[in-house]
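Presented below are the structures under discussion, each in the form of C-alpha cells.
Two complexes, one shared chain (subunit A), two partners (subunit B, subunit C).
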Partner chain A sequence: MERKLVCARCGKTLENKETYFAYFGHQLHTDLPCCPQCGQVYVDKELAEGKMRNTEAELEDK
Partner chain B sequence: MGWKKMFGRKKLPPFPRDFWLEEMEQARDDAAALIVPPEYQGRLKYLFFPGCQLGASDPRYPQAVYQLLLRAEPATAMWLSCCGAPSYWVGEIEQYRSVQAEQHQQWESLGRPQVVLACMSCKKIIDYVLPDIQPLTVYEVLADSGLQLPLYPQLPELALADPCMSRDEPQVRQAVCTLLERMQVPYQILHQDIHTLPCCGFGGNIEGPNLAAAQAAAQRRISSEERPILAYCVNCRDVFAGAGKQSLHIIDLLTGLNGLERPTPHLSLRRDNRRLAKALALGGEKEEFLGISLEISEETARMMDESLLSADHIRRLIARAEQSGDYFIDEQQIHIARLPLCGVTIWAEYRPLGGRQYQLISVYFHRMEVEKTDEAAGK
Partner chain C sequence: MPYLKDHVIGKTRSICPICGRQLPAQRVRRGEDILLEKSCPEHGDFSTVIWRGRLNINSWTCGNEPLGDDYNPNCPYDCGLCRHHISDTCCVLYEVTRRCNLHCSFCFAEGGAGEDISIDKIKRDICDIVRPGQTFLQLSGGEPTVRDDLPEIVAYAKAQGCKFLQLNSNGLRLAEDEQFVRQLAEAGLSFVFLQFDGTRDDIYRKLRGRELLEIKKQAIDNCGKHHIGVTLVPTLVPGVNTNDIGNIVRFGISRVPYVRGVHFQPVSYFGRYPAPPANEDRYTLSELVADLGQQTNGMVNITNIAPSHCDHPLCGFHSSFIAMEDGRFIALTKPDSEGCCCGVTTAEQNREYIGRRWSRPDESEIPAAVPSEAGEPDDLDEFLRQAKTRAFTVTAMAFQDAYNLDIERIRRCSLHVYADGKFMPFCAHYLTLGGGQ
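Let's look at the complex of A and B:
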C-alpha cells in the first residue's frame, strides 16, 4: 500500500508533480510527491539511495 | 589537485570535508573546557591537552588520565579542545593557523606551562607550527613519574602498534615500552622500524572521501596479526576495533577502564561523547545539543557513520522542522523532514515521544538539489 503523506504546515495530501533537480550544472526532472499548496517536495529513501545516488555518481565522474 | 581547488572547481562534493571541520569546531566550542585547580592558578606546571578524539572515543578517558597526572603533579590543568589537525588535513591553512594562534595565546595566558599531549597528531601539528611550546606526551610524563601502576602479567601477548605520527619519535615509543614493562604487560612491537611506521587509515580523514582506502589501510596494518593490538593513539585503537580486532589503548591499562572487546565508538555519536567528557571533567550533567534527546538504534547509528552524519545533524533537522512546521506526516504519526547541509540534503523519519524526545527511525541523504515544482500554488 502506498504511503499517504500529509504536509504538516498546509494539511494537504501530497500529489505527484513534475519536479526539477540540479547537480553539477546539469538539470533533470521526474514526477515526485509534493504539497499542492506550498510546493514542498518529498524524496523517499529508495529514490535517494537508488536512482539519485547512481545519477550523482555518473555526473561526478564526468 | 588539492582539496581546495577541487571544491572550487566543483570537482568534489563538499560534504565529507565539512563533516571533519564541524567535528573540530564542536570540539573547540560546545565540548571545550579549561579546568585549572584554583590553588595553582598562575603557577601551573603541566597543561594536559587530550585532543579532540580521546573523549570522543570514550568520554571517561580525558578525566581518567587527568586524575593520573594530578597524582603525579597537582599543578596540572586540563584543556579540552582540538589542535586544528582537521583544518590542516583539508587544506584550510588560514583556519588552521588561526586555531594555532588561539592555542598559543591560551598557553601564554596560563603562564607557559609544560604542555602534555595524548595524541601524536596533536604533537606533530604543534611541533611544526608552534615549536616554542615543545610539548611532551602523557606517556613520557607518566613513565618518568614514580606512580604506582596496575600489573598485568596474566594478559595474552599484545602487539604494540605505534601510530604513524610517531615516526621519528623514538622517545615516545620508549616511554610507552617503559610503562608496559612497569605494568608487566607481555608485548612485542608490531612494526620495528620507527622511520617507516604505516598508517591505520585514519590520518588525513580519508574515510569521508574514500572509505574503501581507509579500510584497506587498516587491513594492511593488522590482517596478518593474530595477537590483540595495543595502541597509544586512540584513532588507531578505534580503527582496529572497527576492523574486528581485539584492541586496547594503553590508557585502558593505566586506568583499568576497558578490556580487549570494546567496540569502536560510533562516528555519529562522537559529539555526544565529547559533551559527556566535558560534563565528567566539570562534574556536571551532559547537555543535549539544542535540548533534543534522541533514541538511535545500533543499525541506524552504523548507517549514519557510513554516511558521515552526526546525531547533531539530526537534532538540527528536527529543531528546524518542529519550529517551522516544515515536515510531512504519515498515517503512523511519523514525521519526515529535511535539512539542507553544505551541499547535501539530509532526510530523517522520526517519531515524537513527548517533550523534546524523539525516536529516529531512518536517515538518508542526496546531493542533488531538488527544486519546487512549477505548478506549486502561488509560485
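Let's look at the complex of A and C:
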C-alpha cells in the first residue's frame, strides 16, 4: 500500500505537483509531494542523494 | 634593459633560452601587451609577449601566490618534483613510443625512429605510476597507435587500477583500423585527445604536411561507434588557424555526443619547430579568450570561462557546457564578475572534473529518456540525461618554452611527465634550448 504523506504544519495530505528548483541560475522541475495549503514540498532521501545530488554535480564548477 | 618602474607588473624567474641558466625575469607592460623580459650576461636580452589585449591580466591571475623567494635556484634542472613544487599530480603523461606516422612542422615530442620501448619496461613503469582508483594516465608518444600492442598496454593500466586512460593521437590509425579502435575500447580506454587543427585542409597541409580532415572525421566516427569520448586538440598558430577557432567549436558541437569538447593549445616552441620565434609567431591565452567570444558570437566568452585553478592561471582555462538536443548551449561555468581564479582546486578535484566530462558515460549512468510531454529540457530527468550524454567543454593549455618559461608557473604545474623513474612538470620535461631545430 502506498504511504500517505501528511503536512506536519497543516495536517493536509500531500499531493503530487510540478515543483521548480533554482540552482546556480538554472531552473529545473519535477513532480513532488506538496501540501495543497502551505505549499511545502517533501524531498525524500532517495531523490536528495540521487538525482538532486547528481544535478548539483553537473551544474557546479570544480 | 631600462624600465619605467610602473611598467613592471610582476617579478619572477626564467631561464636563458640559449644556455639555460636561471635568470631573474619581469613581467612588463608595453601598451596593451605584457612581456616577459630577462637578460643573460652571455646571450643578451630577451623579451617575449605573454599577454595581449584588453583582458585584465591582474583580474585573471588574482589570488595567485607570486614566486617570492621560495624557488629552487636550480629549477628546472633539479626535476623530479622538489619541495618547492606546489601542485599535486593531476594527470601523468607517459610516452609509449618515439615513433610517429606523421612528420609535423610543430611537435612537442620530437618523434623519431629506432627501437621501441619494450612492453616489459612499459608495464614496470605503469606499476610505478598508477595509484589504484586515482591515476589519470595519458598515453603519448610519438604516435602511440603505431604500437600493435597498445590495447595490451591499456588493459594492463586498467588492471593496475588506473581510473582515467587517455590516448593522445593524430587519429590516422583510429580512422583506418576500426578493429583496433574496438580493441582499445574493450581494453578500457576512456577517451582520445585527437590532434585536430582546423576545419580546412589548407591548415593540415601547412602544419602536418598533408590533407587530414576526412581522416579526422573518420577517427571521430570510429571512436564514437565504440563509445570512446573524443576531445579535439588544435595547436593554434598565428596566421594559420587562429581564424578557424569558432568553426572548430561549432564542428565539435555538431559531433556531440561523440565529441566531448575542444582543448586549445596555443603554439609553443619546444621539441620540433621551424625557427626561433618572434613575438608575431605567438598567440596568447588572452587573444584566445577574445577570439572565442568573437568567433562563436558570444557563445563561449569571458563570462563563462574560468582561469585554471589547478595549474597557474596563465597556463590555461576551462569552460563547461551542455549542448542540448534542442540546440541550446547552456553554460555551466560561471567565474565571478572579475573572471577571478581565487578558488583553489586540488589535483584530485580537477582530475574528477575533467575525467568525467571527457569520458562518455556508461549506459547504466544515463537516466532513461523521458516521454515527450515531460521530456522538455528543464525537466529534472531530461536535464540529467542530456547533462551526462551531451556535456561539452572548451579548455585550453598554454605550454611554456625556453623563451616564456616562468618558474612561478612551473611550480604550479599539475600535468606531470613520467620518465626515468621521475615525475616532472610537462614544460620542464620538454624544454628545448638553443633556438629549436
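Quick note on the criterion: the second predicted complex is superposed on the first by the 59 of 62 C-alpha atoms of A that agree within 3 Å, B and C clash if a C-alpha of one lies under 4 Å from a C-alpha of the other, contacts with A are read in each partner's own complex, and residues count from 1 in each chain.
Basically, a contact is a pair of C-beta atoms (placed from the backbone, for glycine too) under 8 Å apart; a residue touches a chain by one contact, two chains touch by 3 or more.
Bear in mind the structure is a predicted one, so any value in this text is a computation, not a measurement.
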item	value
Which partner reaches more residues of subunit A (counting touched residues only), subunit B or subunit C	B
First, second, both or neither for A:A48, with subunit B first and subunit C second	first
First (subunit B), second (subunit C), both or neither touched by A:T30	second
Partner chain(s) touched by A:E58 [first = subunit B, second = subunit C, both, neither]	second
Partner chain in contact with A:K4 - subunit B first, subunit C second, else both or neither	first
Partner chain(s) touched by A:F21 [first = subunit B, second = subunit C, both, neither]	both
Where subunit A meets both subunit C and subunit B, residue numbers	21, 24-25, 28, 52, 55, 60
Residues of subunit A defined as touching subunit B within the complex	3-9, 14, 17-25, 28, 32, 34-43, 45, 48-49, 52-53, 55-56, 60
Touching residues on subunit C, where the partner in the complex is subunit A	306, 309-310, 318, 320, 322, 330, 332-334, 343, 345, 349-350, 353, 367, 378-381, 383-384, 387-388, 391
Sites on subunit A touched by subunit C in the complex	21, 24-30, 51-52, 54-55, 58-62
Touching residues on subunit B, where the partner in the complex is subunit A	10, 12-13, 324-331, 335-336, 338, 345, 347, 362, 364-379
